[in-house]
Each structure stands twice: as structure tokens, then as C-alpha cells.
Amino acid sequence: MIVVMKRGASPEQIEHMIRRVEQLGLKAHPIYGTERTVIAAIGEKRDEFRQSLESGPGVAEIVPILAPYKVASREVKLDSTVVRVGSLVVGNCHLGVIAGPCSVENLEQTLTTARAVKAAGATALRGGAFKPRTSPYSFQGLKEEGLKLLAQASRETGLPTVSEVMTAENVELVARYVDVLQVGARNMQNFDLLREVGRIRKPVFLKRGLSATLEEFLAAAEYILAEGNSQVILCERGIRTFETATRNTLDLSVVPLIKELSHLPIVVDPSHATGKRSLVPPMAKAAIVAGAHGIMVEVHPDPEKALSDGPQSLTIPGFEKLMTEIKQINAFLGYEK
Amino acid sequence: MIVVMKRGASPEQIEHMIRRVEQLGLKAHPIYGTERTVIAAIGEKRDEFRQSLESGPGVAEIVPILAPYKVASREVKLDSTVVRVGSLVVGNCHLGVIAGPCSVENLEQTLTTARAVKAAGATALRGGAFKPRTSPYSFQGLKEEGLKLLAQASRETGLPTVSEVMTAENVELVARYVDVLQVGARNMQNFDLLREVGRIRKPVFLKRGLSATLEEFLAAAEYILAEGNSQVILCERGIRTFETATRNTLDLSVVPLIKELSHLPIVVDPSHATGKRSLVPPMAKAAIVAGAHGIMVEVHPDPEKALSDGPQSLTIPGFEKLMTEIKQINAFLGYEK
Amino acid sequence: MIVVMKRGASPEQIEHMIRRVEQLGLKAHPIYGTERTVIAAIGEKRDEFRQSLESGPGVAEIVPILAPYKVASREVKLDSTVVRVGSLVVGNCHLGVIAGPCSVENLEQTLTTARAVKAAGATALRGGAFKPRTSPYSFQGLKEEGLKLLAQASRETGLPTVSEVMTAENVELVARYVDVLQVGARNMQNFDLLREVGRIRKPVFLKRGLSATLEEFLAAAEYILAEGNSQVILCERGIRTFETATRNTLDLSVVPLIKELSHLPIVVDPSHATGKRSLVPPMAKAAIVAGAHGIMVEVHPDPEKALSDGPQSLTIPGFEKLMTEIKQINAFLGYEK
Amino acid sequence: MIVVMKRGASPEQIEHMIRRVEQLGLKAHPIYGTERTVIAAIGEKRDEFRQSLESGPGVAEIVPILAPYKVASREVKLDSTVVRVGSLVVGNCHLGVIAGPCSVENLEQTLTTARAVKAAGATALRGGAFKPRTSPYSFQGLKEEGLKLLAQASRETGLPTVSEVMTAENVELVARYVDVLQVGARNMQNFDLLREVGRIRKPVFLKRGLSATLEEFLAAAEYILAEGNSQVILCERGIRTFETATRNTLDLSVVPLIKELSHLPIVVDPSHATGKRSLVPPMAKAAIVAGAHGIMVEVHPDPEKALSDGPQSLTIPGFEKLMTEIKQINAFLGYEK
């Protein structure tokens, strides 16, 4: 870490900071520039002492050199992580397609969708039972009843399932019914939840927070990995910006960037990112070409009557058309499904 | 709610949407403009049917007229809510000053700070025992041990306490020791936690999320109010923007705006908003003049050795100086303490 | 436009606003809802009267129904605009590839790059002669001398050229040397410049501003179109968000969205959007699959010695590899070059 | 500047970068850390070589130590700049109040406003003659005719005037009529305009761009200062964020921060920042208490009939009330007017 002193810092302040660095067990390496002095602190234990040094007299700023994550880093594990659960294989050159309704509403809707997406080529079924909603007056999901319907659809189609868990308390309950536990964007820094899903032996589908930097996203994954669960799938689902023409702003550039920085697989959710049905197919295809290891898309047999996220849900024929195109792209890119 | 049809929407599509509005139990009121047709839907139950209608054929967009909150709204309750717990009185013309360390580190640090801020005029003591941290390798707080130290400092000084609760599961535990339960920025949309603190009989200090709109912030308060707990204090603590010169961007304009839209008290935290000690006093004073019902500031006897947030913590003399100025401003503004 | 009255608006205020709407030559259509009254104003002339009505007594907000652009809208012109200048054809099913150095530095660098990108399949040559730079102490471009070098490279290779014009005053000068005039992101709302390039008979390459909404972007194009120049190419080049891992955030979802809203061609610049060489090829390919009508990429024979934007410039072999992949994608997508 | 090498950088890459730094005339100072090597480059000429080094093999990132501005920095000039023109004195402990209509509409409106704001205590008159508008169909200002009306109002009241100049070409024209030339937010990085107003001998009122960082804002001021014009007034007028409840987000924390980093005076415009009349007085007062050297507010005799920005314009009685309060605050703060 680099301690940048202010231009006018006194020799005493510089001396003080050198001693502080050494008291923290680091090696201090001062460099006297033409306008400022900086002190390189070697042996750093990541973020740990940063704020402490930043409070020192005459200090302008601290520049960290190491990222706040380690196990998630490709520097530590060179080969790509592949997450496998039944027909869902995500990572390296494997592409997963997770499709299904935003919310599980009833048996018929869930089964109809599950069968249709399976037939079209999806490799996993999504469906929300616990729903985070901005307003307390919106539909909050069927809860355990929804999980049961999802599990039934899984048994009938053979598709593994992905569903959101909203609290540490419910991890065990959700894990009883579903194959992959989703941590939603609003919970990306719910650290108790992260630790709890880090302790189970099922894959975790971690969505990027609305205003999370890439570094915070990987640090959130690190919470799960640090507990011993290495089966983490990252998901870019759009960030919040000033632009309101789309529901969020899909930050697709993080796909190739995450592949450089981390060994974890990265999946894209164009449904939540765009919020508009017509934008989902082009962004799904763009995500795959950008290198995503999979996509998650919302599909509903009758979006106009969906209890949530109708405007961004593909119809079943719309999903079938997308899958035809994705298969062509995969063939073209040489991906295995 | 207003259903805006696309320019080229067909008479059949318009007719379809009128029927849809009526099927939802609303009264449809079509208006045929020079370029587009819009359908006003009267009798709306807030957000409920929005997405459903947005999915309809030929629909360009839905414009909601009502906000996603109701009990939090000043339209429903004209007189301002005042939250009182011991010496802390917040709301209407009462100003609360909540001061203390970012983290409770040990008895001496906690007691020293508590006595000093009490002497300087603070009306409540803050101190974190459960700490949300970006990296799993950063100090995570003393947990229950920290709550005990905080309670001891409260007994010795008579100051009521404010401390963060991070999960629904811990609400009971934290409530056993502290007077006001804080819901942190990262948990503003942790809906289970919101519901849980809505069920206790202690005031809740709700921090605005890093990327939460004002509407979402009030909708989060609504979750608590809807459970029956009317003692909610809102807190603006900076939002995330492109600007990195400060830790966050303090959105002070929401102070007078919240006072128009809601009856709930609004407090400002200039420590987290700016992240820089030197900016805390001017922004604390600005907040009060902008109409805030209080401030929350971090104070540490030796910020350079603080385990978290040292760079933004005031020293004890710094806090004393700020309190002298605040008292003058209060006298000037005619506030009661 | 919809005038939304406050919940407590008095009958007099409502009556006043109805009269105001009518005074402005619009037809007023009041709708009395369960909680609020709204007044639809029919015959609106876009933004014109919006602020005037918003100032009225008892008004909560004004909801515009029409966008601030008209000629740029697909509602007005259904068939897609195709811009053609020599080998550069952009729009509908034609894909343009504009490549070259960030800055024109000298004859050798310019010619080497021009020949290489031509050989690899580029259809136009880019090169900056007037450079907008954050600091007054950075390299500001070769100015007219740079334009001459660019023109020479164009003559030798037959590639049409794209170069930035920074002021209305210089439009004539730049137009003398280059085929397509670029308006940079920082000038997207330099309205005098927009009007001036609207008066020439050469195509304009309009980059989206760093914090411009899609609506403002199309309204900027409208300034050019309104002056009679219909040859406008839009360019998405990343917006400014909280994320600093990439130089900007590439907002790729606007590509299919612009194609719905406007008839103008939309090109993507992954070099400025990402700021990192390794991210340029995946995002260039993703842009094409998302439906972009072309890409603009920076190429330099020796990026390490480039006077600007070296870190995001492709090497010549890097560009050749990208073009091979793009040709395969084009064949796959059925695009004509 | 610090060259941070990648974790896996080879000895050859490190050696290469050391040589590159030395070729650029800087002194290279390598530091071999436990995980990475960094190379401090001493003698740096600010931004100049940054991108060049960033392109080198094995380089992870470049960390600049110096800001992209120098003359604007308080490190270079310790005493605060005070700008004086007639009754307008801004900087150090002098507070300027610049008030007037958004647009100059006609003689009566301009004179009425000028007399009223003068009587209430304003020290300068604002009024737009050249108006930047998002849509080409909105009112674009009276242009030179407007400047004449403004000059007439100035003669009658004795108030110095502030008005926007939108192009380098018009600097001379606007300077003929007005006392302080405003560079608007959309033109903050119109570098030709900055250079041109840098060459005149009148004060410049520089508004922060909608998405400009503090560093870019000061670098824009540096363009003016570098041309020899030291009379620059900075103006914070709100930045663009995800929040739409206010027109922009007033970033008040930059007021004390700019006072640390620069000697230039900083004024706040709460009218454009908030976009809502009722929020202007509290934010104007907050700005002054935060340490602003002045405020710019929009005032209109009949906001409901204003041709632009009516919703955020104070009425004359509203402005009078605000001035009464500001005088009390000034007395309280010990400011001279």
C-alpha cells in the first residue's frame, strides 16, 4: 500500500508515518519526489491497516495495491471454476441457460413454463418464491408453497432449479427444495446471508448489487468462498445509473473483465438489466458473444397476467426463438452446451 | 395510473387495454391526443397492477401517479412525528445529536468517548457492535460483547444508545441492549429485517441505501410502519455517484424534500457521507440549516488507532468545537435541543 | 402532457390550471381520481409549455407524453437511414468498421495504421487532429497539420476519414479535409456546434455525452437534423457511472433500444467505453451481435508509445484478429459489409 | 506516479518498465513487495506520460500522485482569490448574491427583477440571453437583444451582470455587454471556449459539468488560469445521479473540499441543483453555512409565465424573505457582504 503525504508535510510527519507503518508490522520504504513524499508499505495484509494510516498527520491519501479479495482471484487459482448440478454446467467453455418465471404463481404456470423451457433447451429452471419488492403492498411470493411447486416442476422435467433466498435464517429451508441458491442484488452485501450460504454444500448464484463496484462484487463472493463453498456463480444484472430508458444499465464489459480477474463463472441476466422484453434477446446474445458462461432469462406463458416482471418476461415462443439463435451462436463459438 | 399507448397503437389494442384496466377493477378513462392515446386508470391500488398493464399490446409506458408508500406520507399524517427516547428527541423542532465511535473497540475507548460527547452536548451515543465490512478479512465488530460495553457506557452517562442490527435473527438480541436499532445502508432493502424491526417497540434508525431513490427510501420506511412501529428516524448518509473525491455524495436536498413528503424525522450523517474528518463540521452545520432534525457523527479518542473509519472520525476536541457552533446555530434558528 | 395536481389541491387551483392549459392553446381534459386530480393537456407542442405549467399552484408534477425529438424518431420515418460515404456504409444491414489511431501523430504512424486497417478490412479511417483533453498540459493534437496527414492517408488507401471537430468555427476547416465530422462526447450539447454541422453536406458522427440520457442523445441529433442534415450516425461510447474498473460503462442495451426509437444508425466505440485493450475485441463483437451498425476502434502500431489512449488501442495484429472474427460473425448474421 | 506491475509480471517486464520510465526522463524507483512489484517514477510532469506507461507489458495500473491542475491549486497559491467587480465581491470572507431571471425575456421583466433583487440585497444580476436547451424546439434566448436589456438593467440599478457565453466566437460580443462571463455546465469541457475566456480581462463564472469530477472541474479552471485570467469563480450547480426527485443532486460537500484544494472562490446555485422552488431557500442557506462564497438564484416576477425554469424560480417576495435570513446568517457567521 502506498501512503501519499501532502505536499507540505513536515519531516516530523513523514518520520511519524514511517514509524506507524513499521509499528503495524510492515516494511516502510519512503520515496522523496520532487513535489511530494510517498511511503510504500510492504507486507500489507490487504485493506486491514488502510484506514488507520489514512488518519495519520500530513497524509493526503492511501493507495491500496491489493484487491480486497484473494480466494476469488485468478492470481490465486489459474484454472476456471466450473459449477455443475445436473444439466446445468456453467464455467470455462460451458454455457448454462437458466429460464423460468419471475415468480412461481401456481402449479400450472410453473409446469407449463418448465416444460416449455426444457423443450427449448434451457439447462435450469428459475422461479421466485421469496420476492424482494420495493413496496410492502406488492406481491411478496408464495414462499415455501412456491418452493414446493418449483421442486415438483423440477421432478417432472429433470431441470435443476435456481431460487432466491433472502435471509440467513431461510437458507436451510430453501436448500431443502432447490439446487442452486440465489442471493439477490439487494442482498449482495448482506454479509450474514453470504456467510450462511458459504456453509452449505450447494452452488450459490450471486447477483451483483445495484451500485456495487466490481471489486465489491468479488469481495462479496470472497465471503462465500472464505466459508468453504467454492461453488459460486456470479451474475451481472445491470447497475443503477442516471439512465432511465432501461430498468438498469447492463454493464456487459465486466464479463471479459471478471474472466481476467477471477476464476469464477459469470452469467448475465438481461431481463432485469433491461426491463423490456424486446431488449432481452439481443442482450442475451451479446452477453454470450462477450464471453458470459450463461444467461438467466424470465419466461412466462402469459406475461400480461404475470404477478411480477411481466414487461421483461419473454413469451414461450419468444424464448424458443432465442434458443434457436443461441444454439447457432454456440455452434459458431465452439461452446459445449 | 396513466397507460400511454404507442403512437401506432391500433384501435383493437386500445380497446384491449381499456378492457384490461376494467378487468382489474379500475375505471378506464381514454384520452385521444393528437399523436397518441392515453388511458387514465382511476381507483388504482398503487404499484399493484402497473407491471401487468405495462405488458399489454401497444403500450409504450405506464406512468404511476401515486407513490409506493402511504403511511409514511405527509398526505396521510400532517403533523410531524417526534421520536423520543431519554435525552434523544428528534423531529419537528427538536434536534438530536448522536455521537460516538464507528466501532465499539473496548471499554476504555467506549467510556472515554461517551463521557466526552455527553459533556459536549450529544443527546445519544452511537457505537457499532455488528459491522458490515466489504472484505471478509476486515474487523467485523465485537458483536454481543460490544453491545454490553455500549450498554455500560449508557448506564454511566445516561445517554440512550444507537447501534446497528444486521439480521432479522439478531433484532431481539440487539434490542435487549440498545435503545434505538439502526438498519444500515446496505440493508435498506433487507425486507425481512425491516419487517422484524417493525414488530418491536423501539425506535428504528433507517439509513438510506447507497443507490436508493427517495421513493425507495420512504417505501423501506413504509415496511416498518406497516408492521405497526411508528417510531422511525430516517438518515441521509450519502449516495453513490461517479464522484470519488468524497466517500459518498451527501444528498442534502432530500432533507427539505423529505420534510415536504413525509412526517418522519430526517437526520444527516456527514461522517459516512464525506469520509473526511475536515468536511464533517461544515456539512453537519449545513445539514442543520437545511432543516435536518439531527446529526450522527463519528467521534474517536484517537482516530489514528481506530479499528474502522478513523479518517472520518472527529477527535474529541474537534467534536467539542462543532457542538459549540451547533449550539449557536440552534439558538439562532430557534430550535429546542 | 399530464398535469398531476397535489392531493390537497383546491377546486380553485384545479380550475386555475384548466384555464392555464387552455390559455396555452391546448385542450384541457380533467380526470378526477380517488386520491388526486390530473389534467390531460391535448395538442401539446412537446416540451414547450412544460415548465410553465409546472410552476402553477397546486401542481405536483408534469408528465410529458411526447419525447423532445421528432425528426429523429422512427415514428416519423419508418425506414432506416443508411449513411454512405465511399467504402463506409452504415445503417440498416450494413456494418461499418472505423479504425485508426486516437491521435494523428506523424505521417509514418498514420500511413502505417491506415494501410494495415484497410488491409484487415476496415471501411473508414479515424484519427484525431483536434483533441479534447482534461488537462491543459496534455497533448492537444496536431490540428490542421493532423488533418492534412489524415487526408494524405485517405488518398493513399482510399479509406474515407472520420475526425473530430471541436468548435462551430472550425467546421468548415475540418470539412475541407475529412469525410465524416465527429462531434465528441464532451460536445454533445454544444448546440452551436450541432447547428453548424447541421448546415454542412457531410455526414456527422455524434457521440453520446458522458452523462446524456438516451432522450437527450436523440434530442442532440435532432438539432442536426432540424438544420437539414439527415446524415447522422449515432455512437455509444460509454457513460459515466460509479464503476471505475472500466474507463466508462458501455451501455450496450441502447443499441437495440435506439433501433426501436429512431431510424438513425448506431455505432459502438468499445475503445473509449472500456479503456482497456483486452476488453475491446469481446465488446466489439458483442456490439455487433446486439445489432450495432458498426464499430469504431482505436489501433496504433506501437500503443506503448502512443501520445494518447495507448492503453485502449489495439495493436495491428490485434485488430487483424478481431476483423477475422467480425467477418465470421457477419457471415453468420447475414450482414452485408 | 506509481507503476503497479501485475502479480505475475516477469523480471524482463519489470526491467523493461524501469527502462521506459528512465527513457521518459524520470527517475525509476522499484519496490519489490510480497505479492507485487511497483515502480515509483519520480520527477513526473503530471498526466503527461501516464497513458504511455499504462500500455507497457505486465503493467496492472498507473497511480498518479499529482492532480491534473497546478495553478488552480492551493499548494501553489496559499491565499484565497477574491474576485471583485462593482458590488459583487466573491471569495475569502466575502459573500456574493447573484440573482435574476433564468432568461431575459423583455425589458419590463428584466427591470422589475433587477430593481427588486437590488433592493433586497443582491450584489449582482444574472440573466440568460444565450440559452442552452435540450430540445431545438425550446426557447433559445433573445441573444444580443437580451444582452442589451441586461446592460440597461445594470445601468439603472448599478448591479454588475453575469450572463452565459456559449461559444468562443461570442466571447467578445458577450464581454461587450456583461461584467462576468458564465461558462455553463454543458460547456465545462468546451476547451476552446475555456481558452478564449482565459484571454479576456473579465471574471469568468465556471459552472461544474453535470458529470464532472472535482478534479476535472479544477482542471477546467486551469485552462482559464493557464491563459492568464486569474479571475475565476467556481460554481457547484448539482451533478447527475440516479436520483430523479430533484433536477440534479447538489454536491455541497465539494464546497469545503474545494476550499482545501484550491484558492478559487466557490459559489452554489441551488436553483438548477434542485429544480424546485421550495428547496432553494434551505439549500441556499445550507450552502453559505457550508462555506460557499456566494449563491446564484433564479428570481422571476411571475414564475408561472417564465419562458424557462419557472418551477425553480423564486418569486420576488420569496427572494426578499431569503435575503432577510441570509443577512442574519452572515451576521452570525461574521461575513462581510
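A, B, C and D are the chain letters, set down in written order, and residue numbers restart from 1 in every chain.
Here, a contact is a pair of C-beta atoms (placed from the backbone, for glycine too) under 8 Å apart; a residue touches a chain by one contact, two chains touch by 3 or more.
Note that this is a predicted model, so its numbers are computed, not measured.
**Student:** If you average the Cα atoms per chain, which one ends up farthest from chain C?
**Tutor:** Max centre-to-centre separation from chain C belongs to B.
**Student:** Report same or different for the chain A and chain D interface, where same means the shared residue numbers exceed half of all residue numbers found there.
**Tutor:** Counting shared over all numbers used gives more than one half: same.
**Student:** Roughly how far is chain C from chain D, centre to centre by C-alpha average, rounded to an integer in Å?
**Tutor:** Chain centroid spacing, chain C to chain D, equals 26 Å.
**Student:** Centre to centre, by mean C-alpha position, how many angstrom separate chain A and chain D?
**Tutor:** Here the centre of chain D sits 38 Å away from the centre of chain A.
**Student:** Whole-Å distance, chain A centre to chain C centre, using C-alpha means?
**Tutor:** Result: the chain centres lie 30 Å from each other.
**Student:** Which residues of chain B are in contact with two or more other chains?
**Tutor:** Those would be 211, 240-242, 244.
**Student:** Provide the residue numbers of chain B that touch chain C in the complex, in ascending order.
**Tutor:** 2, 4, 7-8, 29, 31-36, 38, 40, 42-44, 63, 65-66, 75, 240-242, 244
**Student:** Taking the complex as given, what residues does chain D use to touch chain C?
**Tutor:** Chain D reaches chain C through residues 20, 45-48, 51-52, 54-57, 68-70, 132-138, 166-169, 186-187, 189-193, 210-211, 216, 219, 222-223, 226, 240, 277, 303-311, 313.
**Student:** Which residues of chain C touch chain A once you look at their complex with the stated criterion?
**Tutor:** 211, 213-215, 239, 241-246, 249-257, 260, 270, 273-274, 276, 278-279, 282-283, 285-291, 328-329, 332
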